[in-house]
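Alright, structures below, take your time with them.
In what follows, chain A forms one complex with chain B and a second complex with chain C.
Right after this comes the complex of A and B.
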């Protein structure tokens, strides 16, 4: 049996292919949009994965350390370490700031990691180049997305840090690349102001008669020293012993240490449900609109393709072709168009994804779903065209 | 005629469709979550490691002399400025004496006055002595009454006592004068040792309280670096170890020094061990006090053992180890680690032998089921 659809496609194959490619680019944009949404969610998840923690201990009644600011004393980890079921408890600080290298600056999340060895919670779990931090000061591991190279010297506040290692996909929940520096430096960076601000603060303190008393030499120095030191961290990352459940460990800390403790699931719901909720909805809304527009365009294309050959269809009817054959031809063409579109879309989305400044995650599940959605849209939109083709009067083949 | 044209069209169509499909398969398999994880692999070597400790400190003077008055008062003059070299015993300045000089003059006058009183008492005693002698002689020849002699003897005793009182009064007044002079001398600010004026905290006319420093003199030959090492990486720190010192202002210059002592008391709040580092030779020009210095303490070389880069370390289920490559498959091996050096080489005490291959760099978190693609260098990493 002769394939009517195939013949027709071959008849005007150039036009057909180009229509398919055009449609494909549209589908590519839709897939990319879905990837942007998945990427946002994934940013949050990798942030939690990379921290290597089972529990996050933060300031009471805050959503810290990622979604809200949280501040706890830096010696609190000792008492948490002694709680039952705690295998490791380490301090960590997070601060999103501009990191300066030469004349350019990059927005990055500066993570203060506690001294120790690689594999400690908070440390980058793996590198793509270089080595982990070995000195307790002035070394940094930067994400490759910052554009820094091994050996580069970064400026964070007043101090200079040498990049000794590079990571990939170590990002904050808002997609900013991370820069890991030793905790003590990070504590300082979080609190340390620029030199002008420090001088002004000193002058202000000196002008305060309560602190600058002639009868008490040394008081002013002590006050200034206490103003320029910081003994706070943002959170304590806790790794639990395998024989304990997260709940068993979290509850006593919550109850007896009077701190807020989040487990992995709670942290994920904070990040995904609260932190990126509105921007994710925004992207989701856009995705829906884009899908609707794509569907409308596919319908329109197929309708136009059918209308172009309405005379040929009339001739087919005139020579007694069955309606089913004609409908099948149009449907087949619509499906082929959909398949070409999907293939082109998938390829273009894959190659476009790395060009985006933020992470675009194209999941296989999304692709499969997208494929069937495209086919469904093609089938639905071809129905209009089929109706048109079936209604056509065979007499039009002779007239018009 | 018609047939070949159709053939060509079909061929061209195939020429477009087939590469497109192949590209799709390639894209699906090579990118995204289904793609194999890129890793680099290194062979475990048995080698020596020379661990080193890293700390930061500030340049400080071992001996600092804070010179100020022992009484509250006003600074009268101050002859030295910051940076001046001073000798031991040199007068650096003086406090305002207020009425002290007048009191000394009064005291001197009082001494003169009491010297006159002494002369008077002495004259009176002489006369009383003479009178007593005369009356005793008269009594011997029964030419006067017993009573008169007694009166003269009593007058002599009184004159003796008055003379002694006058003498002691002079001693008291002289002692008081010495006291005032000592106070006067104490108002001078004197350098106890030879050194360098580090600060000048008050200028003439300023009122200072007792004990408040007016100038600070340091001993420039006694500079040391008050250094802090994180306790977690201070194992092996000992007095006498050679040290490399980099001053913040002279980054290109590496100075040599050694650990003088480790403080018996560590900083409990910051979890740091404190140590004092001294220079082998005093740097010239002298670094300013308070300057930041980076200290690297070199420990002895350890015997050879299997060594891996610290980038290979991974934590899986709370255990630290490495992903070993066994017949092309990944296997996680928990390890016992020894010392590491500052270049990131870690010695393995147990769990690994030289010649085994371990994963160093990877793109993602690995698992035993991960498909891997071994590369020389991960994509996107500059050589």
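Right after this comes the complex of A and C.
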């Protein structure tokens, strides 16, 4: 038996190809949206992977340092380092801000890292060019997504930093590329005020009789010094010794240091479940809408193609074609349309993904799922046309 | 009398129920022998199409008896379980417009029926080509319907009606869209094929040009048929 659907498609190939391309672009957008979501999740996981930490010690009752602000004293790491099972404990600061280079600025997450070497928690695990930070001030390592080059001079607040190294896929949970600078510089950047603000603060302090007592020399200078320095960090990153479990190390820190400690699973659930939950819902809604629009388009096209053949279908039924043969013909056409659409969509999404400002991760699993979803949508969309075709009375082929 | 061809006794068809019921066919009797071509004529609304639909097993008669070849197909109710297979294997249709399948070439338009009946594609195409040759359209075997003239399309439609060697062909105004020369050619072909394949042919027509060619004519008016001997003129 010849393939009626195949012959019809070959006969009207232009209609199928153009419709398939149109549908494909829609499917491409759908796949890209799914890729944006996957990219957000991956950004979160990469952030945790690259931190090199097993535990995150943050301000009590906060979801810091990524989902909420957290502030803890910068000397706390010493006592945490002495806790049982702790192999390394280092301070870290995170601050998302505009980093200026010449006339352009880039939104980036500025990470303050403590002195150490490659492999220290918080440090970029690998570089694609240049070297790690070796000086205690005014050097930076930047993700290549910032667009900065080795030797570029960046401005963060009032200070200038020279890019000495470049890294890759070091991003915040919202996809902003990271710029690593020494911890002290980062602490200053978080709280450093402009000159006018500092002068006004000094005047206020001088005018305050509690801080400017005639009989207590040196008090005013001490107060002013404390106001212009920052001794807080956002978190302490802890790497544990291999023979200890995360829970064994985390629990004593929670109890004795009165801090909140998150392990990897908890931090991942904060990032994925809370930080990007709203975005995920938004994308989910888009996916549902796009799926409905795709279904409506396929249904409309298949319905129209079937309507165009209504007299031929009546003739086919009159001359003895079985209902299932006619239904299969319509279903095959819907499936072919879906396959053309998926192929076009997959190609367009693959080529478009690198052009998006945020990371778009197209996973094979999503593609397989998308393929079967498209087929399911096509099957469902063809139901209306099949019902209509099966209702056609063969007597319509006979005049009168 | 039964035998080959098609035999109809007391066929009735009523549409609707109660006060709104319309009796479209009233006690129709008809017999067409194998190899015979008869005309079925009547004004609009006389019941021609209803009779054709009953004969074509696309609507259910209300009462009566129909014998196709040696098989009783209707006797107060359908005696055949699969009406679709009955239409496919035992009844050939030729329509006012050819209604060829636009996405199949000429050969496959004709070969589709035997393929639907389960015949292998090659065998079905061979049979289709034989018929196309008999109807003198074999040179258009690979053409698409849209590339054929009206007369060629109608010949292909006749080939399709004949391809399963049905005992009866129902032709619904097959010459309506054609000029008199082509109309006569179609009637000649139907007569030739009826003789060649011993098929009973019923031609529903309004066409004054072809009416004199029938040897027997059934007039239908208000659902009642009257048989009349026709002139049986030569087609040329």
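Odds and ends about this structure:
Going forward, the second predicted complex is superposed on the first by the 383 of 400 C-alpha atoms of A that agree within 3 Å, B and C clash if a C-alpha of one lies under 4 Å from a C-alpha of the other, contacts with A are read in each partner's own complex, and residues count from 1 in each chain.
Here, a residue touches a chain if its C-beta (ideal position, glycine included) is under 8 Å from a C-beta of that chain, and two chains touch if they have at least 3 such contacts.
Because the structure is predicted, anything quoted here is derived from the model rather than measured.
By the touch criterion defined above, A:68 lies against neither chain B nor chain C after alignment on the C-alpha atoms of chain A. In the superposition on chain A, contact is made by A:52 with chain B only, not with chain C. Contacts of A:152 after superposition on the shared chain: neither chain B nor chain C is touched. Within the superposed three-chain model, A:311 lies in touch with chain C and out of touch with chain B [touch as defined at top]. Legend: residue contacts after superposition of the two complexes on their common chain; A:367 is shown touching chain B, with no touch to chain C.
Contact with chain C, but none with chain B, is seen for A:397 once the two complexes are overlaid on the shared chain.
By the document's definition of touching, of the two partners only chain B reaches A:215; chain C does not.
In the superposed model, A:268 lies in contact with neither chain B nor chain C.
If you count the residues of chain A touched by chain B and by chain C, you find the higher number for B. Overlap of the chain B and chain C interfaces on chain A: residues 10. By the touch criterion given at the top, residues 48-50, 52-53, 56, 58-59, 84-85, 87-89, 93, 95-96, 99, 101-104, 108, 112-113, 115-117, 121, 144, 160, 172-173 of chain C touch chain A in their complex. Residues of chain B touching chain A in their complex: 6, 9-10, 12-13, 16-17, 20-21, 23-24, 27-28, 31-34, 54-56, 207, 209, 211-213, 229-230, 232-233, 269-270, 294, 309-311, 313-315, 317-318, 320, 337, 340-344, 346, 361-366, 377-378, 380-382. Per the touch definition, chain A reaches chain C in the complex via residues 1-2, 4, 7-8, 10-12, 311-312, 315-322, 325, 393-395, 397-400.
Across the complex, chain A meets chain B through its residues 9-10, 13, 17, 49, 52, 75, 87-88, 115-120, 125-132, 134-138, 144, 149-150, 164-166, 168-169, 184, 214-215, 217, 231, 239, 241-242, 340, 343-344, 346-347, 350-351, 353, 361-364, 367.
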